[in-house]
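Order of writing sets the chain letters: A, B and C. Residues in each chain are counted from 1.
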Amino acid sequence: MIALLLRDLRLAMRAGGGFGLGLAFFLIVVTLVPFGVGPQGGLLATIAPGILWLGALLACLLSLDRILALDWEDGSLDLLATAPLPMEAVVSVKALAHWLTTGLPLVLATPVFGLLLSLPSKGYAPLLLSLLLGTPALSVIGTFGAALTVGLKRGGLLLSLLVLPLYVPTLIFGAEMARRGVDGLDYSTPLLMVAGITCGTIALLPFASAAVLRVNLR
Amino acid sequence: MNLNRLWEYANPKKFIETTDRVLPAVSVLAVLCLVVGLAWGFFFTPDDYRQGSTVKIIYIHVPSALMAINAWLMMLVTSLVWIVRRHHVSALAARAAAPVGMVMTVIALLTGAIWGQPMWGTWWAWDPRLTSFLILFLFYLGYIALWEAIENDDTAADLTSILCLVGSVFALLSRYAVNFWNQGLHQGASLSLDKEENVADVFYYPLLVAIAGFVLLFVALVLLRTRTEIRARRMRALLARERMG
Amino acid sequence: MMPDLGKYAETVLSAYAVSLVLIVVLVLLSLRRGHKVKAQLEAVEKKVRKNG
């Protein structure tokens, strides 16, 4: 399992791989927003939590098809299926690798992007916490979507269509938590909900992803 | 009553034979109920003292919203049957129901928007119920798109039924998330077992007939479309066998 | 025969019109596809029987 994780991480780092791409995309979104809505600091501060959450979500979405597509093409997915490792473990590791290469860097970069959007100082802690708790769910759900569309030639657009509705609850609670933090309100309820969704998806969704992947490898 | 009898209808041939007899009756009943319910509601009910004549939209809005959710529930049940017992008719029925459910969702959204314009002064508000229906619509879109995208029938049935299960959980989650996210404009349930909450009797009875009409219409359409899907599947199988040799 | 719909006539009528059009289109499309597939299947079955 650890060997598989290390292999996935190395591949993402090398290979002109998607490692920096998600971050660069996130930066571009954050840069473009003020062009779209105007440079007023007050307005930017109100929408900053939402923009940062949306940016993270889209950056995550962009890299989803890389989770499984490359392994599918070169046949290593078939090897993994016949390996003694259960399929549930394979998809969990894949999701973890995706989170480490996409989700975690996004979370770490968020304070800088928050500065660009004049996020109020008391909003940093809840925003970071909500992203830290929420992005693993995005990766796990995304792996499910990637497993569904892995055999299709032009699965990219379909993948977004399938995954985005599934992202709704995570986005709602995550962004709500960040927003409440910025307004100085109590954010423990959305925090618990985000944490609950993440734990639930990590615990249950790999079974669905593995079942789907087995069907696709049949 | 022997429950095993029910599974006989999972045989495609038996299904087509049975629906040959049932479908005309259901269709006639559906048209009858729809005409009676909608005509009763449209021509012979008084205006509401606050909503004026816009109250008449309820006879379309409430049944279609009901069927939008029930269609998804039916897809959930037939998907489970497919996963557990692997009856092709079940998976094909889910496929047949999805576009009908989507159209019902669209009707509920459109009639709601048309009603909301004079009543709430806006076509659209990010109200929990409205938002949930928009999300439900997206789920239908994704489900149908996945069916269309996969060529192998069995693979498509497996993948879409798992998507339906996972989607149901997330749709439910979204419903509560959306509730938490925004307080609503939308009034409470029009129909419930609690008499006090219900709409007044004059509106209630034609509404029941209209709902029966929508249910029957849904059943008739799903039967018809399932027959089509069964035949389409058989045709693909025959063509594939011929190509093989 | 037409009931007096007052100032909301357009609202009510357009809601009914939109819904009925959508339902009718759905029914017609379902029927047409049904007939088409049935005819195609019959043709294919005939061909298969002749060959086999």
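To be clear about the criterion, a contact is a pair of C-beta atoms (placed from the backbone, for glycine too) under 8 Å apart; a residue touches a chain by one contact, two chains touch by 3 or more.
No experiment lies behind these values; they were computed from the predicted model shown.
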Could you tell me which chains make contact with chain B and chain C both?
none
Measuring between Cα centroids, what's the chain most distant from chain C?
A
Report the inter-centroid distance (CA atoms only) between chain B and chain C in whole Å.
16
Averaging C-alpha coordinates per chain, one finds the centres of chain A and chain B separated by a number of Å equal to 32
Rounded to the nearest Å, the gap between Cα centres of chain A and chain C is 42
Residue ranges of chain A in contact with chain B within the complex:
144, 148-149, 151-152, 155, 158, 161-162, 164-166, 168-169, 172-173, 176, 189-190, 193, 197, 205, 208, 211-212, 215-216, 218
Under the touch definition given earlier, write down the residues of chain C that touch chain B in their complex.
1, 3-9, 11-12, 14-16, 18-19, 22-23, 26-27, 30-31, 33-34, 37-38, 40-41, 44-45, 47-48, 51
Give the list of chain B residues in touch with chain A in this complex.
135, 138-139, 141-142, 145-146, 149-150, 155, 158-159, 162-163, 165-167, 170-171, 173-174, 176-178, 180-181
In their shared complex, at which residues does chain B touch chain C?
38, 42-43, 47, 52-54, 56-57, 60-61, 64, 99-100, 103, 106-107, 110-111, 114-115, 117-118, 217, 221, 224-225, 227-228, 231-232, 234-235, 238-239, 241-242
